[in-house]
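Both complexes below contain chain A, partnered by chain B and then by chain C.
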Partner chain A sequence: MDLLTLARGPILQWALVIFVVGTVWRLAGILLLRRKPDYTEPRSTHTWRGAANLIVKRTVPKREFAAQTAFGNTIGYVFHIGLAVVVFGFVPHILFIKSLTGLSWPGLPSGIVYVVGALTVAALVAALVRRISNPVMRLISNADDYFSWAVTIAPVITGLMAAAHWGGPYPTILAIHVLSVCLLLAWLPFGKLMHAFLVFIARGTTGALFARKGAST
Partner chain B sequence: MSATVVNDPVGGVARGVPRPDLRQDMQGEMPAQERVDIAMRHFVRDFGAVAATYMESCVHCGMCAEACHFYVQTGDPKYTPIWKIEPFKQAYKREAGPFALFMRALGLKRKVTIEELQEWQELIYDSCTMCGRCTLICPMGIDIAALVSLARHGMHKAGLVPHELWAAAERGEREGSPLGATPKVLKERIEWIADEDDVDIHLDKEHADVLVTMSSIEIQKYPQAMAAVAKVLNHLGMSWTIRSDGYEATNFGLLSGNADWQRDMSMKMIKAAIACKAKLLLLPECGHAYTAMRWQGANVYGQPLPFKVRHISEFLGEHITDGSLRLKKGLNKTVTFHDPCQVARRGGVFEAPRVVLAALGAEVHEMKDNRSMNWCCGGGGGVISIHRADAIRYKAFEIKMRQVEDTGAEMLVTSCSNCRLSFDDSQAHFHWDKTAHSLLEAVADNLDDTPPARSVAPAAIVNPYREAPAP
Partner chain C sequence: MDREPTILESFQQQGMSRRSFLKFCAAAASLLALPAARAAELAEKLGAMPRPTVIYLSFQECTGCLESLTRSFSPTIEHLIFDTISLAYNDTLQAAAGEAAEAAREEAMRKAWGKYVLVVDGSIPAPLDGAYCVIGGKSALASVQEVAKGAAAVIAVGTCAAFGGLPMAAPNPTGAVAVQDLIKNKPLINISGCPPIPEIITGTIVYFLTFGVPELDAHRRPKVFYGNTIHDRCYRRPFYDKGLFAKTFDDAGARNGWCLYELGCKGPTTYNSCATMKWNGGTSFPIESGHGCLGCSEPQFWDRGDFYKPLSAGLWHGSIGEDLGIAAVAGAVLGGAAALTARHRQDKTRTETETRKPEGK
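Our next item is the complex of A and B:
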C-alpha cells in the first residue's frame, strides 16, 4: 500500500474516529456536569432567544470595541472565511467529500480557491506574528496555541503545494496534504481548535444567562 | 502583616502607575501545599457545566484586555482579564477537565504552586472589580467575571485574601456588618437621622409589606439615604420597616469569596423579610448587594423567594411610571448618570434611573460609554477596601473622570453607595470638582406633596337624549 492510499484509507479513518470520539468525550465532559437550578425571579423567560441572539450577535464586535480589535478581527475573519472557502469550495475537496458521504454541491473556480488559499496563509502568518509580538497575546499563549496554529496552516500550505505540483512528486505531496488534514482532525478535540463547537455553547450559555437577568450582551 | 515586595512577574512596568507594594496576605496557619490543595479543591467544588464551558472555551485572542480599565490604563499585560485566572485554568485542566487524566499522566499541565497563588492574589482581588465589561468583548462570550468570583472562593478557603477585604468580611460575619454598623449602631443612627430630618423611620415593625435594607456604607457614611428612603416610602403611604435582624445588604462574603459568609448575610435578610411577611425586599443603592440578593438570593435560600427583590432605582422607576410617585422637576440642570456595573451591565437595570432623572426635570447628558458599556468606577468588587490597590484604582478612575468631564454635565448622579465612596475618595485624590450624588436622595428632595391634580375620569358616554344610566 503506497503512502497516498494509506493516508486516504486507514489513517484518515482513524483520524475521523479520534475526531468523533474525542469531540463527543470533551463535549460530554462539559455538558454532563451538573447545572444548578436557578430559583431567582427571571426578568425574562426568553432564554433560548437570548442564546441564539448572542451566538449571532457576537460574530460582529460591538461598535465601542471595533477600533481596538480591528486588526485581530480582520485577520480572524480572513482566515476563518478563507478556510471555509478552501475546504468547501474546491472541487477536488467536494468530490472527496462526495466519495465519503455522498453529499455534493457546486464548487468554485480553482483560480479563486488558490487566491483565497494564499490569503488564508497570509492571514495565519499575520496571526502568528501578532501572537508573538503583541505583549498580551505573548503572555497568555501556550503550546496549544502554537501547535494548533501549525496544524491549521499545514493543510493549506500542503494543499497549495499539491495544486501547484511543487515540492516533490504529486502523489507524495498529496499524501502529505491528506496526512496533515488527518492530523488536524485528530488534534481538533483536544486543543483550542475545539472552539469550532464550543463557540456556540459558550456564547449560548452567556446569552441565555444574561437574557434571564435582562442584562445586556 | 508582613509586607513583601516581589518582582513584577512579567517584567512590565505599568505606565504612570507607581509599582504597588505587592504585599501578599495570608490568613491562618497551614503548610503551603495544603493551601494550594484547598484553593483548588474549593475552586472546582462549585464547578458546573457553565464554568466548565467557559474554562474550555478561551482561544487566547487577548481581546478582553481592551475592555478592562486596569489594562487599558496601565498597558501591563498581566491585567488581561483571562490571565487573572490562569492558575485556576491550569488547575481545572489538570484536575477536573475532560482530559484531566491525560494532562496529569503526560505532565502537560503542571501543578500550581503557592508562589503562583500568592502572586495572583493581586490579579484576582486588587485589579478586578468583577465589573464584567470583558464579557462583552470576548468573541467566545466567556463571562470572565464569574470565573474570578469562583477563583475567589478557592483563594478565601486557602487564606489568601487581601487583609482589609478579609477583615471586613470576617467582621461582617461576626458583627453583622463589615463596617461596624451593628444593630445597636443602626438604631442610634436611625434615631439621630429621623430626628435630624424630622422623618418617621420605621424600625422593627412586626409586619410590613416592604422590608427596607441598607448598605453599611450608607448607615455609616451616607446616613441621609436612610431618611431619603423613609421619605419616599412614607410619601407613597406604604407599610414598611427596617429590621434590626436583617438590614445589612452589603455582602463581603460575596466579595471576598466566602460562600458560607455570603449565605449567612443573605439569610438574615431573607428570614427578616419572611418574619415580617414582606411582599418586597427593597435593596439599597449598592451594586453587589443587588447581585447577591436579586440574582443569587433565591439560590442561597434553595427555592424561590416568597417576596420580590428590587433595587431602589428600579422601585423608583416603577412607581414614577405607574404614577404613584410624583416628583417636582427640581433637578433643573444637566446631569450625567454613572451606571453601577452590578445593577446595570450585570443586573439588567438600565432605564429606570433615566426615568427617574427625567421625572426630576434633569437634562441627561450621557457619557460616551453608558449603560452596559459603562466603565467601572474602579472601586467595585471590594477593590476600594484594599489599600495597596489605591494607585491602580486611581489610574482606572481617570477614564471615568474624563468621560464625566466630556459630558459637560453640571451634576453627576449614581445609584450605588460603593461607587459614591469610590468617587468621593478619587475626588479627594485628584482634587476634582465633581461629586457623585445619590439618585435616591435627589428623589427624596423633590417629592411632590401637593395633592394630585383632579384626575379626569374617563368620560362616561352619556347619551344626551337619554337619562344617565343608574349607578
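Our next item is the complex of A and C:
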C-alpha cells in the first residue's frame, strides 16, 4: 500500500476511532462527576440564565480591557474562523465529511479557501509569537500548549503546500496532510485542544456558579 | 553489404526520402520537447546508427498496450518497427509462430547480446516458479530473467509491467509482480498507463536509442511525460478552482464542462500527459469525453478506492459507522468508570473527614 492509501485508509480510520473514544471518554468522565455539595443559601435560582449569560459575555471582549486584549482577541478570532472556513468550506473536505456522515453543503471557491488558509497560518504564527514574547504567557505555557499549536497549524500548512504543489510530489504532500490531520484528531481529546468541546461547558458551569452566588460578571 | 543498415538507410530502403526521415525525427523531437540543438543531434545520431534489436515480451496482459502502440501517430508504429528498430520478437506482431519464433528470438539475442532493448508488457506471476503464466513451455518468470540478462536496458510498457496493474489488484490471485520487482541490475524505464499513450511509448524508445535513459521520476517514468498531474493541465481546472462541480454525468454542470472531481476524477493524484498530448492523434482525452480520470498510470490504481467516489472520500475497511459506534460506547464506558472512581474517592474522603471531625474538635 502506498503512503497516501495508507494515510487516508487505515491510519485515518484509527485516528477517528481514537478521536471518538477520547472525546466521549473525557466528556462522560467530566459530566458524570458529582458536584461538590454547596450548603450556602443560593442568591438566585436562575442558574441556567447565568450559564447562558457568561457563555455570550466571555465571547465578546470586555470594553475596559479592549485596548490591551485587541491583538490577542483578533488573532484568536481570525484563526478559529479561518479553521472553520477551511475545514467546512473547501469542497474536497466537504466531500470527505459527506463520505463519513452523509451530510453535505455547498462549498467555497478554492481560491478563497487558499487565502483564508494563509491568513489562518499568519494568525497562528502571531499567536505563537505572542505566547513566547509575553513573559506572563510564556510562564503559564507548558508543552501541551506548544504541541497543540503545532498540530493545529500542521494541517493548514500541509494543505496549502499540497494545493501549491510545494515540497514534493502531490500525493506525498497530500499523504502528509492527511497524516497531520490524523495527528490532530488523535491528540485533540487528550490535551488543551479539548477546549473545543469544553469551553462552553466550563463557561456555563462558571456562569451558573456565579449566578447562584450572585456575583457580577 | 554485411554491415547492418543504418536507420536512415532503412528508411531509404523502404522507398522513403531523407526528408521523411527528418520529419520523423522532428516529430519525435517535438514530442520529447527537445531544444533545437538536441533535435539536430537526434536526427544525426538516429541517421547514423544501425537499427537496434528490440525484443518485446508479453506476459499477463490484455494486449491493450500493443493496441495502443499500433495507434501511435507520430512517430508512427510503421516507422518505428520497420525503419527505426529491428523488432526481433513480438508474439502478436510477428509472422513467425511457435518454435520458429522462439528460434528467431534466440538468434537475435545471441547476435545482439548486451545491446538489445527488452520491452515487456504485462505483469509476471512469481509463485510456484512462475507456473501461472507459461508460454511455449517456459514460464514468464524464466523468460524475462533470461532475456533481461543480455539486454542493454528494459522498458516496462503499461501499468501491468510497470507496477503490476490489474493482475496484481487485490487479492492478486497469481502473485503477480512488476518487472522492476524482478530485474534489478539493468537500466529500467517504466511507461505506465492502462494503456500508455502510444506516442509516449514510441517517443521513449526513440529517446532511449539516441540519448540513453531519460530523466525519470520516483516511479522510474520519463519526467517529460509524467512530470505533471492530469489536474495541473486539465482544461476543466478553472471550474475546480471556482468550486463548480458536475454532480451527475448528465446534469447541467456536466454539459457545461464543469469539473468531474465529485464524480470520482483521480486527476489530482495522477501523473500522465493525457491532458496535453491527448489520444488518437490529439483528438481528445477521457475528461474531455466527460469521464473522470481513473488514475490508470499510478501504482495500485485498481485498489485506490471507488472510481466513482470523490478522491477525498475515506477509504474505510469494513463499516466506519460501526467502528465509531463501538468507539463511542467504549469512550462512554471509560468515562463512566473514571467518574465512578472519582465519586468513590469523594465518598472515601468525605467519610474520612466526617469520622475525623469529632477528634479534631
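As a convention for this text, the second predicted complex is superposed on the first by the 212 of 217 C-alpha atoms of A that agree within 3 Å, B and C clash if a C-alpha of one lies under 4 Å from a C-alpha of the other, contacts with A are read in each partner's own complex, and residues count from 1 in each chain.
The rule is simple: a residue touches a chain if its C-beta (ideal position, glycine included) is under 8 Å from a C-beta of that chain, and two chains touch if they have at least 3 such contacts.
All of these numbers come straight from a predicted model, not from anything done at the bench.
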Please indicate which partner A:28 is in contact with in the superposed arrangement: first for chain B, second for chain C, both, or neither.
both
Should A:45 be classified as contacting the first partner (chain B), the second (chain C), both, or neither?
neither
Contacts of A:74 with chain B and chain C, given as first, second, both or neither
neither
Contact-wise, after the overlay, does A:62 reach chain B, chain C, both or neither (first, second, both, neither)?
first
For A:141, decide between first (touching chain B), second (touching chain C), both and neither.
first
Overlap of chain C and chain B interfaces on chain A (superposed complexes)
25-26, 28-34
Of all residues in chain A, those that touch chain B in their complex:
25-26, 28-41, 43, 54, 58, 61-62, 64-65, 68-69, 72, 76, 131, 134-142, 145, 190, 192, 194-195, 198-199, 201-207, 209-210, 213-217
Along chain A, where are the residues that touch chain C in the complex?
1-2, 4-5, 8-10, 12-13, 16-18, 20-34, 91-93, 95-96, 98-100, 106-111, 165, 169-171, 174
In the complex formed with chain A, which residues of chain B make contact?
10, 12, 47-50, 52-54, 56-63, 65-67, 71, 77-78, 80, 82-83, 86, 97-99, 135-143, 294-299, 301-305, 308-309, 345-350, 369, 371-373
Which residues, counting only chain C, touch chain A once they are in their complex?
217-218, 229, 232, 240-243, 245, 261-262, 268-269, 271, 298-300, 303-305, 309-317, 320, 323-324, 327-328, 330-332, 334-336, 338-340, 342-343, 346
